[in-house]
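Okay, so subunit A shows up in both of these, paired with subunit B first and subunit C after.
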Partner chain A sequence: MPTPIVLLTRLLLFWLLGTTVLWADPGVLVVMNSASGVESLTRDQVVNIFLGRFRQLPNGMPALPIDQPADQPLKATFYQRLVNKQLAEIRAYWARLVFSGKTTPPRQAETPEQVLQWLAENPGAVAYLDTDPPSQVRIVFVLSAAP
Partner chain B sequence: MKPLRSRWHGSLLVRTGAVLVGVFLVLGAVTVTAGLHATKLRLQESSRQRLQQLLDTVESTASVACFANDEVLAGELASGLLKNSEVLSVTILAGDAELVSHQRHVSAQTDPDEAPAAPLVRDIHSPFDPGQRVGQLRLVPNHALIRQTMRHELIAALLQMALQLTVAALAVMAAMLMWIIRPIASISSTLHAMDATRGERLSVPLHHSRSEIGQLVTDVNHLADRLVQTLEEERALRLQREFEERRYHAIFDNAQTGLFLLNTAGALNSWNPSFARLLHLPPAASPAGLSLQALGWKTPERVRSLLRNCLNRPSSTSADLDYCAPDGANLWLHLVLTPIDTDALQGVLHDVTALKEAEASARRQAVTDPLTGIANRRGLEQRLGDLAQACAHGQISGFALMLVDFDNFKRINDGFGLPAGDEILKEATQRLCACVKSTDVVARLGADQFALLLSNLYQGEDAEGVALRVLHSLQQHYFIAGSPLKLHVSIGIAFYPRDATGDLPRLLLNAEFALDHAKAEGGNGMHFFNPELAAAAERRRQLENDLRMAIREEQFVLFFQPIVDLLESRISGAEVLIRWNHPQRGLVSPNEFIPLAEDTGLIIDIGLWALEASGRQLARWRTEGRELSLSLNVSGRQIPAGLPVEVLRDALYRLGFRSEFLALEITEGVLLDDVEGALNWLTAVRSQGFSIYLDDFGTGYSSLSYLKRFPVDRLKVDRSFVRDIDKDPSDRALVEAIVAMARSLSLEVVAEGVEEAEHVRLLHAMGCRYLQGFYFSPPVPLETFDDIHDQLPDMLGNALQGFLRDTS
Partner chain C sequence: MNRGGLIDPFAVGTCGMTIQATVRGICCRAPINSITVLRRSGLMVSMKRSSAIIRYALTCLFLVFLCLRTAVTPAAALPTGIDLSLNGFGTVALARSTDDSAQFVRDLSQPDGLTRGWHFENDSLLGVQANLSMGPQWQGVLQVVSRYQYDSTFTPEITWGFLRYDPNPVWSLRAGRLGTEFYMLADSRLVGYSYVTVRPPVDFYGTFPFNTVDGLDIAAATPVAGGLLRGKLYAGINQELSPLGRDPDFDMSGSLLEGGYLDFFKGAWQIRLGHSRLRFEHDLPVESFYDRLPTATADELRVAGKWSSFTSFGLTYDGGPLQSQFMLSKTHNDHGTFQDTWAGYLILSYRRGDLTPFIGLSAVKSAPRTLEQPVYPYTDLYQADFHSDQRTTFFGVRWDFMEKMCLKAQVDIVRGTADSIFLYRWETPDWDGSMTVFSLGWDFIF
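Take a look at the complex of A and B:
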């Protein structure tokens, strides 16, 4: 049985750590080209767009999802926070769908910069970031850490 | 018994087979149905499970397809699912819209009636949000496949069932055939050929000694035993019955008695040979159509009444019937009818003709005298009865009974022999019959006694006429061997109803009284009955009673009549004479009671008493030293059995007198009756030393040959000769001759009835030594006997005075 002193110490430690995380992680930001005219998206809209189910923006414009490079932790975090799936699972999902050819996975960027580039180039592009976006990019949905 | 195999459809084997098949079929049907149903459910369930698993397998892919609305993927998925033969169709909905629908192309043989199988429905959820339904997967199972499987299984089950059934049925039938049918068939065939009566029995089939078959065989054998035994008994009974039937048949056929059967109307049904023979029926006669009454009975109405009586009683009824045979013979037949059934009678027929004739003959003979052919005593009594009846009815006024008896007929028989006597009797019968009317009855009652029954003769004069005729007729000469012979008869007559009203034995008795009286009067005459005769008979009866009492009470006394010995001039002894000292009448003369005593046989007792008394007197004289002899009269009735030698000898020794002092006086008549017996008696008596005096010599036949044949010691010349010797020269000559003859035969002579002195003198002159008579003394009691001794010299002196003087 830990002594009360030990318990108290542990509580203090966790609290400190916690505040540190909240502080350190502002959340995954779903962003779009500001020119798209889209102000915000719902989580379901984000899911439908990224997982190829319904790729049309609320204003009727085709949506173009863009994935961060696979070596970026952000991609895993994104899908983890979006649909609570690992990247392997996401890949398996897409493996089934690409066979039919009816839909395609989001465009895979080679680098985060490429993400931003494609974001700027395509008005219907939808991407995610973990940093404050550039000015011409609008945050349409935030995936907070909390599930 | 029919062969077992002749009814195959009834055979155990077929029946058992049918039952087995039926049971197997029903069981199989139930089992197969239930099994198929269960199999169907099981198959459906397992199919569903497999499909569910299939769905599980494809669910994630379907989820992706539905989520992504990817009909290509969905189509691939559906195609993949359809690869499974159990899947009939697949429909995938994305949201609520059909994404893809694939259907298996099935052959046309699908049963259109069958309801489509319920589809398996699986909701498809988003791969990223399990709570979000993104589509639906509908999968219809392919039941045709199940049905096909089931069909295969059914066939397999049926095949298995059929195989089992066949094997089981074959096994059961084989077992039955081997264990039941064959033994039974074998038993059956053995039974068909078996002759139980020859001791053949079923054998227990192999290995069946403890089975029901074995038990059955044992039971059948036992049954056979019992049946055979019963058969044997039946057979024995039948043989016995046949034997008895044959015997009865033989009895029926061979019976000398006529046997027949008839119905109640008298119609004859059958008869035996004797019946036809007895009735003298023609040999070809048949009972058909003949009735008993229609036979030749002289009194058919009696036959009818016999039949009626037999049926009315009902019991055996019999009658003697007069029968006239078809050939004219007259027969007497004894017919017995006995009811044996409600409508049948049995009859027995005897020929009793001979019996009837014998009966009639016997009846005739019973009333007929065989010698003369006229009625006998019985016949006379019958006729007397008839006449008395006629008198009672007033048909006749009365009748006379006449008894006719020859005097001394016995002498004819003795002298000439019985055939001669019989000839005379026959001749007399003819003469008697000639003397009376034809309606009168002539009967022979005894040896020489006849009776005449003269109807309507009830007066003395009429009867006397007939009696005189009879007397005259019977006194005519009879011829015996050519020589004439004359006989006398006596007749006694009594009248009915005058002399014995309504009492026929009395009438006969009265006629006998009259006859006795006629005889007592000397014979050769007739006498009518009168009441005095009856009174005399009554007196005689009274006298007989008194005499019996006299013997019991010894009322007799001895009287002695001295016998004088002229040679020694002394009393040599006495003749003992018996007197009856009657309590009321005083002394009774022997003449009154001796004949009665002789008739009744009482003389024997009286004789014994006299012997006793005489013997005692002789013994007394002997002790007194006096030599006096006594002579005792012996009646013919006493010889030989009434006074046997043993009695004499006993008296001799018991009383103590000497036999030469006791003489027994007999008469000639004694010697006539039983010559042999008398001779033996005489010889025996004389051998004991007793003397024999022949009494009343000269009155009877006085056959001199008797003197030669019979040993006697003295002759007593009867008083009738002595009485007149002083007057009648012929008597004198006779006595002289007797004395001379006696002397020449060395016999002494006693002259009886010496009453006069002249008698004494003459007899003395003749040389007669012993005298007896009233001249000397009448019979006197013993007390006065001795007085005579004193008077004897005077009496002899007076009588012989001159003679003695002359001679001296």
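Take a look at the complex of A and C:
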């Protein structure tokens, strides 16, 4: 029978391990071209851009959101953390907007490389990555966990 | 609404049934001649239905073929140049009610509704949309939908067809054929995949037979107080027909619609305030009835040239797995025909994995306008045809079993008064205002 001290130590150990695991998670990185002139975005701004409610960057430029390929787990993780939604719900959301002639969904890349290419070519492009971005790409927001 | 009886309340007196002898107004409005019409039309309807289903199937095949042939892959480069995409949506649904004494319709654009047999046509539909992007600022949209409509056919109709200009992220202008935006779901109520229930609550959306206007709208958005404020103004002319009378249909073409709304988004919350008004161009096809009334009375009942207004408040919470939507509306009419109406609904859903169970409540209650020059009992009987007083409890589940597809099952328990007839077709003297509706639906997008 473990003593209370041992139990407490174990609990503390689990807690630390748990925190370490969370801390070690780099999160989903919302990125832009460093030439965009945008230093950072807020969560609300990222939501407005990716859900098509308001696609203006803080410097007045139009924002061009880019989605990772649909078969990449990163896309699901991004929306899970951004608005706590599954991809099926995101598709339902866009079905409503697209078929009522509202705004268009983010541009769908076919490969992760295409995301980087579009980021490099368009100063207003906003995308997300789960690895350290290459040079010329700036992290403007870190999505660490679901809201 | 009993279409056989609506045409001419005077017919009640002339066909041998005495009004005084009947206790409920509903009996008066189902005179002997209309019952004959009902029987005869029952046969006609079933014939019309089978041919409509064949036509629907052919249309589906044609549209799917069209899509397969012309599916366009997204352009390799980010938005520049011209990009054409073709998408679509559809629903295949079966539904039935527990009552043959009134037919449940999805909305008043449908001439016949559900009975105790399973019906395919009321909720099934297919839509195809072409989007043409011309640079980041210009877009053209054409949407064609085949669904069960006023003439009992699935003849495809253009539901959207407009040119859109977004000079910057703040402003947006559209001109052409646009969907009506009375209420939060009204602009996309045909797209079953986009909501959790089988159909938008009938108590709330069912009274609107109009889906489109030819006109323009202008929208703007701006961040305010840590949230986002978005507004829209629109105006246009309606071009639709509604089967309010047996023959001819109620011609709504030329009716002017104008209005606007304000949306405020903050976090998971959205609030909407909306106001619209509609001025009918034509009267209901009951001229022979009006002719027999004193001019002053008839003028009180005529809808042509008079305004109906729709004011609404909406509140949604969309925070992860929990979604809720609440709407309340008040309809006001400057004439004595359509009744001033309060309607509302609340839907709660909670997603668990691929399953989203939901539960909801909706209600509608209307009151006839007090006429200055009533002609008893004819004007009372006429006005009673437009009455609603009922509430619906509904529950069900949506199952996202595959990418871009879902299955839904729903039960609607309708409880109302026996004189709540506006939202139904072909009610008989047995109608007591209550029924249960069972629905199964398969929604998809492509």
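As a convention for this text, the second predicted complex is superposed on the first by the 120 of 147 C-alpha atoms of A that agree within 3 Å, B and C clash if a C-alpha of one lies under 4 Å from a C-alpha of the other, contacts with A are read in each partner's own complex, and residues count from 1 in each chain.
Note that in this section contacts are C-beta pairs under 8 Å (C-beta built on N, C-alpha and C of every residue); 3 or more make two chains touch, one makes a residue touch a chain.
Just so it is clear, the structure is predicted and the values come from calculations on it, not from any experiment.
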item	value
Touched partner set for A:88, first subunit B, second subunit C, both or neither	second
Subunit B versus subunit C as contact partner of A:108, first or second or both or neither	second
Partner chain(s) touched by A:52 [first = subunit B, second = subunit C, both, neither]	first
Touched partner set for A:35, first subunit B, second subunit C, both or neither	neither
Contacts of A:145 with subunit B and subunit C, given as first, second, both or neither	neither
First (subunit B), second (subunit C), both or neither touched by A:96	both
If touched residues of subunit A are counted for subunit B and for subunit C, the larger one	C
Subunit A residues contacted in one complex by subunit B, in the other by subunit C	53, 83-85, 93, 96-97, 99-101
Subunit B contact footprint on subunit A (complex, rising order)	47, 51-53, 83-85, 93, 96-97, 99-103
Touching residues on subunit C, where the partner in the complex is subunit A	74, 76-79, 87, 89, 127, 129, 131, 133, 136, 139, 141, 143, 160, 162, 164, 168-170, 174, 178-179, 187-188, 190-191, 193-195, 221-223, 226-228, 230, 265, 267-268, 319-321, 351, 354, 400, 403-404, 406, 445
Touching residues (chain side subunit A, partner subunit C) in the complex	44, 48, 53-56, 62-64, 66, 83-86, 88-89, 91-93, 95-101, 104, 107-108, 110, 114, 118, 121-122, 125, 146-147
Of all residues in subunit B, those that touch subunit A in their complex	61, 64-65, 67-73, 76, 127-129
